[in-house]
Amino acid sequence: MNTMVTTDRQDERLQSRVGVRGAITDVIERARGGDLGVIPVAVGLVVIWSVLQVLNPVFLSSANLVNLTLESAAVGIIALGIVCVLLVAQIDLSVGSVSGLSGAVVGVLFVLQGLPIWAAIAAAVVMGAVIGWLYAQLFNRFGVPSFVITLAGLLAFLGLQLYVLRTRGSINLPFDSGLVHFAQLAFVPAWLSYTLAVLAAAGLFTSGYVHARERRKAGLSANSVTMLAVRSAALLAVLVFVVWYLGRTRGVGWMFVLFVGMVLVMHYLLSRTRWGRSVYAVGGNVEAARRAGINVKAIYTSVFVLCSTFAAVGGILAAARLAAVNQSSGGGDVNLNAIAAAVIGGTSLFGGRGTAFSALLGIIVIQSISSGLTLLNLDSSIRFVVTGVVLLLAVVVDSVARKSRTSHGRA
Amino acid sequence: MNTMVTTDRQDERLQSRVGVRGAITDVIERARGGDLGVIPVAVGLVVIWSVLQVLNPVFLSSANLVNLTLESAAVGIIALGIVCVLLVAQIDLSVGSVSGLSGAVVGVLFVLQGLPIWAAIAAAVVMGAVIGWLYAQLFNRFGVPSFVITLAGLLAFLGLQLYVLRTRGSINLPFDSGLVHFAQLAFVPAWLSYTLAVLAAAGLFTSGYVHARERRKAGLSANSVTMLAVRSAALLAVLVFVVWYLGRTRGVGWMFVLFVGMVLVMHYLLSRTRWGRSVYAVGGNVEAARRAGINVKAIYTSVFVLCSTFAAVGGILAAARLAAVNQSSGGGDVNLNAIAAAVIGGTSLFGGRGTAFSALLGIIVIQSISSGLTLLNLDSSIRFVVTGVVLLLAVVVDSVARKSRTSHGRA
Amino acid sequence: MTSTQQAAERRTDEVVLSLRGISKHFGAVAALTDVDLDVPAGHVVAVVGDNGAGKSTLVKILSGVHPPDSGTICFDSKEVSIPTPAAAHRLGIATVFQDLALCENLNVIQNLFLGQEVRPLRLNEVEMETRSWDLLRQLSAKIPSVRVPVASLSGGQRQTVAIARSLLGEPKVIILDEPTAALGVAQTAEVLNLVERLREHGLGVVMISHNMADVQAVADTVAVLRLGRNNGVFPVADVSTEDIIAAITGATDNAVSQRNERSQTRQARDKEGLSS
Amino acid sequence: MTSTQQAAERRTDEVVLSLRGISKHFGAVAALTDVDLDVPAGHVVAVVGDNGAGKSTLVKILSGVHPPDSGTICFDSKEVSIPTPAAAHRLGIATVFQDLALCENLNVIQNLFLGQEVRPLRLNEVEMETRSWDLLRQLSAKIPSVRVPVASLSGGQRQTVAIARSLLGEPKVIILDEPTAALGVAQTAEVLNLVERLREHGLGVVMISHNMADVQAVADTVAVLRLGRNNGVFPVADVSTEDIIAAITGATDNAVSQRNERSQTRQARDKEGLSS
Amino acid sequence: GSGSDSGSGATGSPAGGGVENAKVAFLMPDLASTRYELQDKPLFEARMKQLCPSCTVIYQNADSDAAKQQQQVNSALAQGVKAIVLDPVDSAAAATIVQTAQSQQVPVIAYDRPIPDKPADYYVSFDNEKIGAMIAQSLVDHLKEQNAQGGLLEVNGSPTDAAAGLIKKGIHSAIDPSGFKLLAEYDTPDWQPEKAQTWVSGQITRFRDQIAGVVAANDGTGGGAISAFKAAGVKVPPVTGNDAELAAAQRIIAGDQYNTISKPIKIVAEASANIAYEFMQGKKPAGKTTLYDTPSELFVPTVVTRENIKEVLFESGIMKAADACTGEYAKGCAELGIE
């Protein structure tokens, strides 16, 4: 399209790909190189959805998908925190306990002590942050592996949760409280949903356009306006369809919007700020990051704090959705699901690779399987087996879509 | 001691350390360099034991320590398999399920189907091996992260366990069966225990002596006979004391001897065979291992097979010790305990670092805490908190004993 | 010895390794396009080229690390495929990689003998240690202890280990990707001696280097790669360093020649300044 | 420009960086023993030595990677401690490490600007990309795209990235640990040009190299390390390559001199053969 | 203890001596239901204190892990307890525990759940199967009374929990012949209320208005089911529970939950303390009946609904109105005259 060759396209070994078709070829190439974190998972997701829909026609019904979105939010937010710790090649095994404790704290302060709901929530969130800060201190000072620190945290905060709930065991959050209402019954009005969809697409186009103009001004190659328009139109179509389809029953839940909003914010922070860069650098090569003058300890601290804070937020939302907290809140498979969501979404356990979107996609895979199978009348034993097999299927599809990751080093 | 300088001591920058004192300085230096996998954990263990003994004088009683040894064996063997997968920088989340399934298979085949006990055990062990082989295929062919494969396995094999037990839920293994007897009541006679202790010390001395002679003949530096004698005498003293002390009640259980024997065998395989070398190489740098002509896939296969097999063996022993299998066998914290044992014992989650002994030491730390705390009359909530704190304490001691691991790269 | 030398003489000039039309893409980048190369036995073939010219990619194709996208490889006059490094080892191709490919967690002995340990079921540590010291001494290595993890070695010490590694076993072709880049002057001299010994024993040697002096000293032919394509093959005897550099950079007027010119004028100026 | 040059002139010969009695142990190995070094502003100090002599260890101490066991460091005539790399950056010490220390998962731009990104809260990708291309062009880098992860670059391309990195910011002292080891001939020439430009701007430059030609070309003084100890400091003008090599290897009769001798006799023999 | 699985105690008075300073173990199975820590334990301890002020109660909770329970028994034996009150995690696996203890002449009182395979020295309980039957029957009767149409959902306990299996059996015994169709049933992993909620949400999508009622095996899962209906914006059908948790009482008062079941935990805990004390004195208390070859005493629980909640839970002193009648529940309390 440009007659002049841009600065970044001058090497004669580069195959030039222009326009929409070029972009598509590019995407395929990058996916084969193991480079596109989330696209292959999306493919896996489509496969699972098809299978589950064939097994049970209710699965893709609007009502069920609305449930799916709402059920994804709490653990999804926890998974978002896990993505951050995995990016720096650490782990947090205690997110379940912290989420349970946080729910318990809200329950006790709000219901038993009668504090205003915002104060109870703030207390729980601050507590989450303090826990993360504590982990970071232990990690930075003593070099104890985060696996062990957070394993100790898992036990200790479970104990604390039991202790906080010791007089009651289980506390109901009132159905008419704002918190429970938000998690169960608050849906975005249709007009607003459509407006948001249009705004998102317009935002994508504008930011892309501005960026492309700047690049062109600087003599660099840039996406053509056609490309940008096609991309934005595609996004618009998808969003409008989603809004319309979910709107056939209850619509888009505010809790899900909150989750997606947090994913977008984290995506911005991770990809467009110095802090995010440093996170990837620390995960890729701590020593190189340190030598580049990055305050590695501060990065670890920020990440542990974020993760525990997100766990606390997730715990509050889980409590709100159940309208209760009890001794087993945050137990069961919350931990495993949160970590698995991040990993299935394409975040590496070895650090430095992954995006905020992996939490979103990963949790949707997991909840789809779980929801799809609860709709089938299966024996528990069979349900466990099928869950395992379908999960594997999703990820095998994902892995086959990329070129074998092992040949690019550790997966 | 040698007047001539040996081949490996010629560089003038090397500080020469001779004799027993030199060896001690050496050990300290190496520990500070983060180089001595298990010694710091042992220090942590001593600290924990002291604390627990102060809290409850029954803790270090012979009767309680005998229980401790027997309780460590089953999960310890599972942890031994985990050490292997961690060494190649992979993970197996399904060891709990596999152990439960294996126990269930033995129960069903032996008690319900009336097969001979050896056949039932063989079937379960082979099943474990096949599961590992399956994992390896998925890993090698599709490059699916082992975290996800074994998460799927966790679910699927739990389902299978429930299915196998569906008619009964829970099966008692007869008390008078050899298997249960082995796990509960079989103790090494005193004379044999002492003989084994002496043999072990003599073996250490002889192998050290032969090795030192070979080295000296080849012109390399070697341990002096005094050094070797001191080392063997120390081992003898420790073993004789252990045998005597445990012998004050019931003695050394055969199941524990089996566990220790397996640790020794694995130690040999890992440190004295080409296969073991390859395992460390794959964990340290897969690509380098591959370029050295190592069949990396075969190594992964062997390791996954070993791990699942050990999980199956551990499951059988756990069933034997409880004299029952049920739907929750292998559930609870078996998974976490097995992985934590390996990590606490000093095996890195990032591959290439750790020894077979880490399974032994790690599980003893975990079981000590758990046993020590059951001796205290604590509320569950408090017990969880204390468990977490003590666990952390053990590992902080460990980490402080080494120089900060972070400065040497990833822990 | 004499029989080996005879064998060497017999085989000298037979082409052991021959590439035709090798191409390799990485995503949008064409790293190699239609490359040919012949390595006769008892010859040292230097492959030179600018950074990113594709030299290491070529090495990796020869040693089974990457499969080529197209093209044929002949070994001992038979067409072969080299799908894995193990296959390359089996053919008798030993390689020193530019990125060394050592396991940082293993010590020097363990790295040297990786994959070819003595007595697989009960490792003979003593023999391996003795042979390690022999090899390292032969290369004038300055490594204080062979029982430290490679992670703690200096850059040159590591490179020495990687070179020593390739000499174990009995390769027919040995590929050295910038073997002396990190070496000290003495070690470099020993490696060049070594290359000459290898040639005398009838091995085919492919040596990649940016150091024209080293190339001139040991190579028989020089193959130049430029931006992933062949850019000439010259017998060393017939070609000057300037010509090679011109082929590498694609111009006779390049950074090197400019720099030389400048420093000559400066020296001249300095002399004038002195005489004035 | 002129003001900078004036500043440079004023500061020239003032010692910016000075080490006294630096020692460093790693376990049983004494990597550095009682090392002294002075780096005047506007000077290029070459540090040379055999493999494992302790050069990189010295660099790491200067750039805050390792703390020394003992000894003092003065910067701008004030005694300082450099406990972290960040502290070295703050003092104005920029380093190109031998092992490069790049993040393989990040692309070229991200590595170049790591820790000094433009507009921390809303990264200015366009400016960073433009400046990246400028820097790389200045070093004659042959990198097809700056948006690929560093993991996929060739050895020389990586080294170029590491060198370019150190030029961002405004260092007072720049330390180059074997900066040209992996570079092509053209790139090497550019880096030597660059070193001269840095000197002209009054920076103190510490350059480590095994290449005596490069050392002779750009260095003002040569400091020799041998087995972790000082083994002489020479003004380049007054010393021959042979003397430096003798100081490095600790003997006038060494592998290098032997090799030179042999090749001379061989050349003589070849000539005889030709004439006969 | 020759050939036994645990050494004889290192502390404590010799067997057969007085009961001064003696120890007794009270070993509970899990934390999934709140009653063990909130009710059983304090009630047992209080009664023991009355009977023998110098005695110590060693309390442990096995957190649903049979192997951990075995470890707890062994450590209790190592400490020289005189009697063990055991609520087994796994009724079958507890056989080995009985064997171990009895071989050291320490009596075992099975509590709450039976040990069928190896007779314990005593068995005090209410019958879990009966509990399942009672809550389900109460719901079925209520639905018939209301002429409700449609079918039932059944939310069972954990698939790995033996007691859950008994409750499930009881529920089936009541609903299978009831004429109401069983739409779907589900074993809730770990008794997790969230899982129950997720499952019920899915069933609401599937069956919409065909759901006449939900039989949930305990109050936690019942609460999850209720939340699912609320969150779907659908009217909550009658839902059962079990355990008479405070939270469940509140839901019953508010009209969200239909029933729960109150086990006379106070009576059972105190009875077991009495019996343990007799064993510690070397006596052999006789059973009211014999079950599983064991002298036994069974107590009958009471189904609690809006009709009788006031008398069963509040007037009996099991709960305090001040705890339950907070905030949004005050109105319901007033309606029912709970104060």
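As written, the chain order gives the labels A, B, C, D and E, with residue 1 at the start of each chain.
Definition applied: a residue touches a chain if its C-beta (ideal position, glycine included) is under 8 Å from a C-beta of that chain, and two chains touch if they have at least 3 such contacts.
The shown structure was predicted, so the numbers you read here are calculated from the model rather than taken from an experiment.
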Labels of chains that are neighbours to subunit A and to subunit B: C, D, E
Touching both subunit B and subunit C (chains): A, D
Chain located farthest away, centre of subunit A as origin (C-alpha): C
Whole-Å separation of chain centres (CA-atom averages), subunit A against subunit C: 47
Centre distance in Å when subunit A and subunit E are each reduced to the mean of their C-alpha atoms: 39
Distance from the mean Cα position of subunit E to that of subunit C, given in whole angstrom: 75
Junction residues of subunit E, two or more chains touched: 31, 37, 159
In subunit C, residues with contacts to at least two other chains: 26-29, 142-145, 227
Junction residues of subunit B, two or more chains touched: 11, 13-14, 162, 287, 379-381, 409
All pairs of touching chains, each written as two labels joined by a dash: A-B, A-C, A-D, A-E, B-C, B-D, B-E, C-D
Footprint of subunit A on subunit B - complex, ascending: 89, 91, 93, 138, 140, 142-145, 147-149, 151-163, 166, 286-287, 336, 339-340, 343-344, 348-350, 379-389, 391-392, 395-396, 398-400, 402, 404-407, 409-411
Subunit B-facing residues of subunit E, complex: 3, 5-11, 31, 37, 56-61, 63-68, 70-72, 74-75, 78-79, 89-93, 95-96, 99, 117, 159-162, 165
Subunit E-facing residues of subunit B, complex: 57-58, 61-64, 66-67, 71, 74, 162, 169-172, 175, 180, 184-185, 249-250, 318, 321-329, 331-333, 370-371, 374-375, 377, 379-381
Residues of subunit C that touch subunit B when the two form their complex: 63, 65, 84-86, 88-89, 95, 97, 101-106, 110, 114-117, 120-123, 125-127, 129-130, 133, 142-147, 151, 165
Residues of subunit B defined as touching subunit C within the complex: 7-8, 11, 13-14, 211, 214-215, 218-220, 272-275, 277-278, 280-281, 283-285, 287-295, 352-353, 409
